[in-house]
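Structure, as structure tokens:
Chain nomenclature is as follows: A, B, C and D, assigned in order of appearance, with residue numbering initiated at 1 for each chain independently.
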Amino acid sequence: MAPTRSAPARAVDIDLEVRLGIYRTMVECRLFEQRAQELFFEGLVRGTTHLGVGQEAVAAGFAAAMRDDDYTFATYRGHNHALARGTPMGPIYAELFGRASGLLGGKGGSMHITSVEHHMMGSYAIVGAHLPIALGAAWSAQYRKSGQVAVCFFGDGTTNIGAFHEALNMAAVWKAPVVFVCENNQYMEYTPIGAVTAVPRPAADRAAAYGLDPIVVDGNDPDEVFRIARSTITRARDGEGPSLIEALTYRHGGHSRADAGTYRPDDEVKAWLARDPVPGYRGRLAEAGATDDDLEAIDQAAQNAVKAAEDWARAAPEPDRAVLETQVWADGGSSWRSPRADG
Amino acid sequence: MAELTYRAAVATGIAQEMERDETVVFLGEDVAAAGGVFKTTEGLLARFGPDRVRDTPISEQAIVGAAMGAAMTGLRPIAELMFSDFFAVAWDMVANQIAKTRYMTDGQVTLPLVLRTANGGGLRFGAQHSQSVESWAMAIPGLKVVAPSNPADVVGLMAAAIRDPDPVVFCESKALFAVKGEVPDGEHVEPLGKASVVRAGTDCTIVALAAMVPRSVEAAERLATDHGISAEVVDLRTLVPLDVATILGSVAKTSRLFTVEENPRLCGWGAEIASIVVDEGFWSLDAPIARITTPHIPLPAAAVLEDAAIPTADRIVATVRDRLEAAR
Amino acid sequence: MAPTRSAPARAVDIDLEVRLGIYRTMVECRLFEQRAQELFFEGLVRGTTHLGVGQEAVAAGFAAAMRDDDYTFATYRGHNHALARGTPMGPIYAELFGRASGLLGGKGGSMHITSVEHHMMGSYAIVGAHLPIALGAAWSAQYRKSGQVAVCFFGDGTTNIGAFHEALNMAAVWKAPVVFVCENNQYMEYTPIGAVTAVPRPAADRAAAYGLDPIVVDGNDPDEVFRIARSTITRARDGEGPSLIEALTYRHGGHSRADAGTYRPDDEVKAWLARDPVPGYRGRLAEAGATDDDLEAIDQAAQNAVKAAEDWARAAPEPDRAVLETQVWADGGSSWRSPRADG
Amino acid sequence: MAELTYRAAVATGIAQEMERDETVVFLGEDVAAAGGVFKTTEGLLARFGPDRVRDTPISEQAIVGAAMGAAMTGLRPIAELMFSDFFAVAWDMVANQIAKTRYMTDGQVTLPLVLRTANGGGLRFGAQHSQSVESWAMAIPGLKVVAPSNPADVVGLMAAAIRDPDPVVFCESKALFAVKGEVPDGEHVEPLGKASVVRAGTDCTIVALAAMVPRSVEAAERLATDHGISAEVVDLRTLVPLDVATILGSVAKTSRLFTVEENPRLCGWGAEIASIVVDEGFWSLDAPIARITTPHIPLPAAAVLEDAAIPTADRIVATVRDRLEAAR
């Protein structure tokens, strides 16, 4: 069931500027993803796509609290996180379309969105795999004394796989600067998380197993997300080690592709739709003094950006077959044969 | 004869065996209530109930390990790995535990179980959801490996795999799920370890597996009509046991061998077959053996790239034609 | 540091017969293992060997509480558990010597001692692997309504690997009749468990993550072990699901082979040797009314049994090379080729 | 020239690189304070400190995953898998993540890391602690695979592996740890991808790797003295990149090929080489290619059985002699 909304009053501790930025990110994610879904049904987006519609507050709230050089690690449901770190929309669409100017040249696809330039260190499609990898990036930052923090986003279902356990324990022992964020959207693919998990709170009820505090936050409340992001990232940067956060949220649509999510009770869906973070936050910002013009401008700009990105991606060429075998190895090539003596 | 899709044949084969043997149980992620993410197991929960058809957490090691523990204590479990790429997450259970335990215990422990999985590419899912891992399993002593190319074989080989006393890795081709085919009525069981010559020919032998079989047959038809080349196509059906006799018999007749493999090149099953033929069939070879495989690369997501990576009928036709013309 | 010894008085709830049986098992294990170590240095035991000297109370206490058809799953440090379930000594020695009459025909070796006949379902040499397997055996018993319980023994270091997490969660969700027993001997191989674990009690502090009660028992107190075994096995048999027990104990020797365990502080070793379960329990039974003759007889019989087993194994022939390729598959053979049409 | 054991050469090679490059870090189980269970990393903790030489929990997925995360953020990690059999526990990290990420990100992510491991049999450790897994790694696009046969190569190839911009699986042979050999003084680096002809010959080519190299050389000596057969022995040193030119060059000269593989037969590296030679070197072959491998079985623990399983100089001599005499 949905947690209760925190009182807007508390938000005075967050600058309106920051909050408007969070709202901008959320709107951009929302419009980008809704359009992506339409384009999937249009057949333009190939393969698969896992949307984060409804979960934008987590990505936006965290991104606003991160330093530019902090690392993001996400899952196949990673578009929101890529956008929140500043990855341009056009190349992401182009990647979903399988085009040459895709963010990954068409090689990665929807499940592997990565933009190292924006410290978006990847979207990982094997459940749990990126938790140890994020720990490794945090260990590297610790060793390099760079002050960077790694933030690793994953789902509720991921808390039941081995890699979760190994990463949490080793991160805690090493006091690695990493924040693990479980986006508990209540379901794995089609199975309710409660049906396959021994504890009611898949992440929070595991925290003590790693000597960590249980932290649950309303993942649909961008201000709450920002606050916990700020405090846990600071803690990590200060050398006090990792945190594990369970953010309660919900995906408005199905798990992926054409899934309509019909396995979910109507009233549950209704209750969560009523807590849609985007209009909710818009209203709260209005109460907090944001003008209609400000908010209108943000909405409009996001709409234009999405439209422009789509047009740009539509115009992008298909990949050249010549790149099929490039970038398997660091010499840019694919040869598993050492060069012949005669060249 | 009923016409079934390859997808529907999976549930049909499993149901046939669950019907006749109470010890057959089935577990995996989203396999029960949801009927599987590829809808290959729809209806099994309703028909056999939650004690025999179980949804699991996302815990591949526990899924495969539980199947092993159940198999050594009187059950015949079927475990689903949603995508064959996820074998990597449970590889210790498969390669170190399940494959070796009978030998390590000198036969005290028997493991009649099936590990089912959606294998291969063609769906634009990218490098981590499109692999062909049948050769990974072939490399591990103690495993049997099955990869059907049509709905009838899905049912017949699934039945044989479930009845087999040894652990069987059963690879279902994603690219074939929608393909329809005739399936014999009544109980249908096909023995493991028998390849089938799906098209007779005299000029060369094309050995293929799973999704590469229909492509090889199409290529063979075009080679015949467009180039006057008579290609024999062998559907291996199982990699372990391997029907070496049928392969050598065909090569003895045609003197030329091509393998068509969906896997990346290095150490694929075709390499093993080439190494067998260049030893035991050496004197019947009139020309080099050519392997037609996915290049040694991870699979790309973009349609044009994935289509350029996995062997197509076009590539098979071109390769066979060039090789045979070169020899003329 | 070592937990305090429980008052002998409480033991009135355990028949002297049972306690003498537990003592017999402990002495047999101790003498068998001590001799195995000597035979390793003599070069008769090949490869490797992981001894449970000092940890006998866990194996003996549990075995006494198990039904004949309950399943045991152990690690490479599994000799005690095999003996405690009634596996004859001779074939185990023969297996350690690599002889034809070895329990596994010489194929498995020290790390894989298995005797299905005694429901000793195997010794597993990849850390963590047997936890999911034991869960599977428990699931099978549950499905077959056989009333059997699986007991799975593993070490403290095993609590940090992924398979532990997956097995505990799935066992709890399925209410599987399995008892997980962590023999916390304070070290993985050469590294103290505290140095690599985020919580002080590697097993007990993880129990809550699976909705289970934290249970810590003095693993050097056979009576305490027997009591907790009795209650948790009953709980499992009654369909109330799994338990996770942390039994505090210590290996008197090194991790394996020639390891002298020098990485352990002298006073720590001394403190634990002072709590050696074998003489300790012997003394307690004497207080409880066991006659010197009874105890002498047990010691003598164990000595004779070990000597006889050694002699039997020494006399056993080397395996015939002809068996090299048998039992890879269920037809008894090793052929990966299907029989030729022409037979 | 100093004489070192293969075991000591491991620490020497690692130390040489940690000395010259601050970004080289090392992690694994019992590798720091204890110096490794095979004592291959003794002294590294004392010399480079706990920030660079780290003991880990028993968490192979975290160990390998952490190495990957560190490699993509500026470090050059070396991770130890105590026994190569444990690759199975972390196979997803190796095969799905590390191997594929550069390709999936179109080159955005580079992974300069080394996965070191004690590989192979001969120590009576049984089926789960004796495997040769180099062929598992060879089958995965994106990995490089190294397996040295002597102390000098351990140092030189270790240095190259650590400096290499790609992920390298570095297989150290347990059976060779005690072997001594000369190691050049000063900085020693050997390029990856160059096989070496360790013994010249004219009658046949024997391609071997790691622990099979000294056995093949011994066999070649005996074939020469006892049977008048001149065998050329090629030490592959690295499977990826594979030095195809040297193999084809040798076969062009000898017209006969044998592979000596410690791995179980099916899909071993020798199969790949046979498939290359029967294609690109077909016309220079005068006789069938024979693969000398461990049978397709898990490895037994008993000494007599393990010795019967893994190729020996005796078996190499017998096989080569029989094959060549048959051809006379």
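Here is the rule we go by: a contact is a pair of C-beta atoms (placed from the backbone, for glycine too) under 8 Å apart; a residue touches a chain by one contact, two chains touch by 3 or more.
What you are looking at is a predicted structure, and each value in this text was computed from that prediction instead of being measured.
Undergrad: Please name the chain that ends up farthest from subunit D once chain centres are defined by their CA atoms averaged.
TA: Most distant chain from subunit D: A.
Undergrad: Would you say A-D or C-D is joined by more C-beta pairs in contact?
TA: If we tally the contacting C-beta pairs, A-D comes out ahead.
Undergrad: Can you check how far apart subunit C and subunit D are, centre to centre, with Cα atoms defining each centre and the answer in Å?
TA: 36
Undergrad: Measuring from the mean C-alpha position of subunit B to the mean C-alpha position of subunit C, what distance in angstrom results?
TA: 40
Undergrad: Nearest whole angstrom, what separates the Cα centre of subunit B from the Cα centre of subunit D?
TA: Result: the chain centres lie 30 Å from each other.
Undergrad: At least two partner chains per residue is the criterion; list those residues in subunit C.
TA: Residues 104, 107-108, 112, 126, 160-163, 166, 169-170, 173, 195-197, 328, 334, 336 of subunit C each touch two or more of the other chains.
Undergrad: Two or more other chains touching the same residue: where does that happen in subunit D?
TA: In subunit D, residues 56-57, 59-61, 85-86, 88-89, 92, 96, 103-104, 126-128, 141-142, 240, 265-266, 296-298, 300 touch at least two other chains, as defined above.
Undergrad: Name, in rising order, each residue of subunit D that touches subunit C in their complex.
TA: Checking each residue of subunit D against subunit C gives 29-30, 33-34, 37, 55-61, 85-86, 88-89, 123-129, 265-266, 295-298, 300-305, 308-309.
Undergrad: Any idea which subunit D residues touch subunit A in the complex?
TA: 25, 51-52, 54, 56-57, 59-75, 77, 92-93, 96-97, 101-110, 112, 141-142, 144, 164-166, 192-194, 238, 240-246
Undergrad: Show which residues of subunit C lie in contact with subunit A when the two form their complex.
TA: Interface residues on the subunit C side: 160-166, 168-170, 172-173, 195-199, 205-206, 208-212.
Undergrad: Spell out the residues on subunit D that touch subunit B in their complex, using ranges where they run on.
TA: The touching residues are 85-86, 88-89, 91-92, 94-96, 99-100, 103-104, 126-128, 135-136, 138-142, 240, 263-272, 274-275, 277-280, 282-283, 285, 287-291, 296-298, 300.
Undergrad: Taking the complex as given, what residues does subunit C use to touch subunit B?
TA: Within the complex, subunit C contacts subunit B at residues 71, 104-105, 107-108, 112, 114-117, 121-122, 124, 126, 129-141, 143-144, 148, 150, 162-163, 166-167, 169-170, 173-174, 326-332, 334-342.
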